[in-house]
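Presented sequentially are two complexes of subunit A, the first with subunit B as partner and the second with subunit C.
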Partner chain A sequence: MDLENQARIKELGEEHGAENLVVVLGAADADCAELAAETVTVGDPTYAGPLTGVQLELPVYHVMEPDIKDQVDEGVYEEQVAMMEMVVEVEALIDAVKGVREQHSKL
Partner chain B sequence: MYEPVVKGAAYILAHTPNMAFEYGTTQYVERQKDPQSKYLMQFGDHLRTYEQVMNYAPFQAYIGNIHPDQLTAIDRPWYEGDKVEGKRYGKYGEIVPEDEFYAWLQLVDAFELVWLEEEFLTELKPRLEASPMLTAEDIKTIGGGRSLKEIQKRVEEKTAAPLMLKDRLVGCVRRAHELDSTLTAHVIAENTASKASGVLALRYLLKNTGVDPREIDYIIECSEEACGDMNQRGGGNLAKAIGEHAGCAGATGSDTRAFCAGPAHAMVLAAALVKAGMFSNVAVVAGGSTAKLGMNGKDHIKKGMPILEDVVGGFAVLISENDGHNPIIRTDSLGKHDIGTGSSPQAVMQALVTNPLDRLGLTMEDVDKYSVEMQVAEITEPAGAGDVPTANYRMIAALGVMKKQLERSAIPDFVARHGMPGFAPTQGHIPSGVPFVGHARDLILAGQMQRAMIIGKGSLFLARMTNLFDGISFLMEPNPGRTDDQAIDEGAVKKLIADALRQVALDLAQSED
Partner chain C sequence: MELKGKKLIAIGDRDGVPGPAIEECLRTAGAEAVFVTTECFV
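Take a look at the complex of A and B:
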C-alpha cells in the first residue's frame, strides 16, 4: 500500500480510534487487495511504510462486496463502479479481502 | 478537411543496467537507507546482458522489427531464453549499448559536466566511428576524455556521480552547483540522460523521414523531467536543448508536461499548431527516465526474475502539414478528460473513448486498434499492477457493454481484436499511447488499418497538487487526399498574393516617378 495512504490511515486511527474506522478498498488485483488488507490489520507486510509492525486490526472490505455495494446508492454505484465489475475478477478480490478480514480484523 | 499528418516516427532504447543501479530511485532510496542492503547486494546478479535485452521480443516490437500482435504467438515469459532473433537496429531506431550511451551523454553535455575516462574512450572509439548516428564532428566533440585519477577524485569527494560498467569507473557526472538541490550530480545525470535519449530519437526521426533538420519549425519536448535551477525548478527548455544537437537550427520549441499523458497532449498541440498554419513541421520528442530504472526491481528479484526495467526509452514523431499521403490526425476526434469529468475508471474511459466516437457517429468496433498504456505486462505483474494494457482493453469493452454496443460474453473477443500486448518499457510517458503511432502509420499506409485511437493517460496526484486524473485521445486515419476545397483555397491564395505583388510593383513604380 502507498506509504502516504498508510500514514493517513494511521493518523485517522489515532484521531478517531480504530473502533470507529472501516477501510473500503478499490484495488483491481487480488494480490494488491490482500496486501492492502493485511497492511490495515496486521501491519505493512513489506516493512516499508508507517504501518510496519502496527496492528490496527481494522475491519476491511472491498467496494464490490455485497455488504458495501448494498449500502451505496444504485445510480452512484452504476456510474462509479459497475463497469469495473466486468473488468476485474470480483470473486477473487472478495475472497482475498474476506480471508484477511475474517482472520485479522477486530469486528 | 485539411488535417495535419503523421509524417514519421522514431523509437529508441538505451540499455542502462549500471545507471539503473546508480540512478534508479528504488535503488537510490534503498542506498540512502542501507548501502549494504540485501536487495542492493543481489541487484547485479539479476541484470540482463545487452544481447538478452536485444533479444527481448517486446523491445523488438518497440523499435519496429516485429508487430506488437506477433507477441501473442510467443510463449511467456519473454525474458526466458531468446524468443526472437533480436537486431540492434530496427525500422524506427535502435537499442544502444550502455557504454555507447555514455558517449552520447558526453556529446550532448553543454557545460563540461560529463567526464569520460580517456582509456575507456580510446577503446570505445572504433564503435563510435561505426555508429550511423554519430558524425566525425560528434566524435571530435566527445573528445579524448579525462584521467581516471581526476574522475576518481570527484567521485570520492562526492562532487560527482559515477558512471560505471560493472566494477569499472569509466566516467562521472559532476554537480553544477554546490548547494542547489536541482543541480546536483544526480539530477544533472538524470536530465542529461533524458536529453541524450531525446537527441538520439530526434536524429532517427530526421533519418526515417528524410526531412532536412532545418525544415523543423517547432519542437515540443514531453518527457517527465524538470530541468531548471532552484529559482525555477522546471524552467525548461529541453526541446531546444535537444534540437540543437539534431541540426534543427531553424526551430524554436518548448516543453509540455502532463505526467504520462505528456506525449498525447504534445501530439495534440503539434497538430493544432500545424492546422493553424503557424508551423509546417512540428517535432514531438521525449527522452527517457533513469529514475524509473529498476522501479519494480524488488518484486522482480523476489520472483527470481531478471531486472526488466533496464532500458531508457525515447521517441520522436513528426507532425506536418497535409501532404496528401501520410495518415492524418483527425482534429475533430479529441477525447479529453475534463477537470469536471471525475476520476472513476468509467468516467475516464467514457471521456477518452466513447464521447469522441459518439460525437463522430462511430462505434467502438470502428476503431481497429486502441493504443493505451502499452507497458510490458510481465514487468508490472510481479508488483501487483497486473497486465495494464489488457485491463485498459477490458475497460473499453466493458464500457461497450454498458452502452449496449457489445454483449458481455464478447469482451474477450473484443480485447483480442482491438487490443495488443504491451511492448514498451515502464518509463512513464514512453508507454502512454505513443508507442503505437509508428506501427499505426505503417499499417494505415499499407491499407491494413482504417483507424487507430491513441490514448494518453496520466496520474497527476503524484505531484501532490491535485487529485485529478488526466488523459487525452485522438484518432489517426488514412489520408483522404487533397480535397477540391483545398485546391480552390490554394488557387485563391495564389491569386491574392499575385494581386498584392502587382500592387506593390505599381506603388514602387509610382513612387519612383
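Take a look at the complex of A and C:
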C-alpha cells in the first residue's frame, strides 16, 4: 500500500479508534485485497511503510461483500460497482478479505 | 456490521472499484468518508 496512505490511515486509526471506523476495499485482485486488509489490521506485511508493526485491527471489508452490499442503495451499487462485479472473481476477493478480518480485526 | 454512523476509509483500486465509487455507495448506507483514495496495485 502507498506509504502516504499508510501514514494517513495510521493517524485516522489513532484518532477515531477501530470501533468507529470501517475500511472498505475496491481491489480487483485477491492477493492485493489480502495485502491491503493485512496492512490495516496487523500492519504492513512488506515492512516498508508507516504501518509496519502497527496493529490497528480495523474492521475491513470488500465493497462486494454481502454485509456491505446489502446496506447500500441498490441503484447506486448498480451504477458504481455492478459492472466490475461481472469481471472479477468475487468469491476469491471476499474470501481473501474475510479471512484476514475474521483472524485479525478487533470487531 | 452496521455501517450507519461509521467513519469510512475507502481504499479503491484503479483497475477495480475506485475510491469515490466506494464512497458514493457507502454514503447511502449512512457512513461518513474520512479518507478516500484510489491505489494502483500493479
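Assume the second predicted complex is superposed on the first by the 107 of 107 C-alpha atoms of A that agree within 3 Å, B and C clash if a C-alpha of one lies under 4 Å from a C-alpha of the other, contacts with A are read in each partner's own complex, and residues count from 1 in each chain.
Note that in this section a contact is a pair of C-beta atoms (placed from the backbone, for glycine too) under 8 Å apart; a residue touches a chain by one contact, two chains touch by 3 or more.
Because the structure is a prediction, the values reported are computed rather than measured.
Q: Contacts for A:V72 in the overlay, against subunit B (first) and subunit C (second): which applies, first, second, both or neither?
A: second
Q: Once the structures are superposed on A, label A:D29 by its partner contacts, choosing first (subunit B), second (subunit C), both or neither.
A: both
Q: Between subunit B and subunit C, which makes contact with more of the residues in subunit A?
A: Higher number of touched subunit A residues: C.
Q: According to the stated criteria, A:A82 is in contact with first (subunit B), second (subunit C), both, or neither; which is it?
A: first
Q: Is there a shared patch on subunit A that both subunit B and subunit C touch, and which residues make it up?
A: 28-29, 32, 80-81, 84
Q: How about subunit A: which of its residues touch subunit C in the complex?
A: Touching subunit C from subunit A are residues 1-2, 5, 8-9, 12, 16, 20-29, 32, 36, 40, 58-59, 61, 63-64, 67-68, 71-73, 76-77, 80-81, 84, 88, 107.
Q: Flag every residue of subunit B that touches subunit A in the complex, lowest number first.
A: Against subunit A, the touching part of subunit B is residues 342, 344-347, 349, 384-386, 391, 394-395, 397-399, 401-402, 408, 411.
Q: Subunit A touches which residues of subunit C in the complex?
A: Within the complex, subunit C touches subunit A at residues 1-4, 6-13, 15-19, 21-22, 24-26, 28-31, 34-35, 37-39, 41.
Q: Contact residues on subunit A for subunit B in the complex?
A: 28-29, 31-32, 35, 79-84, 86-87
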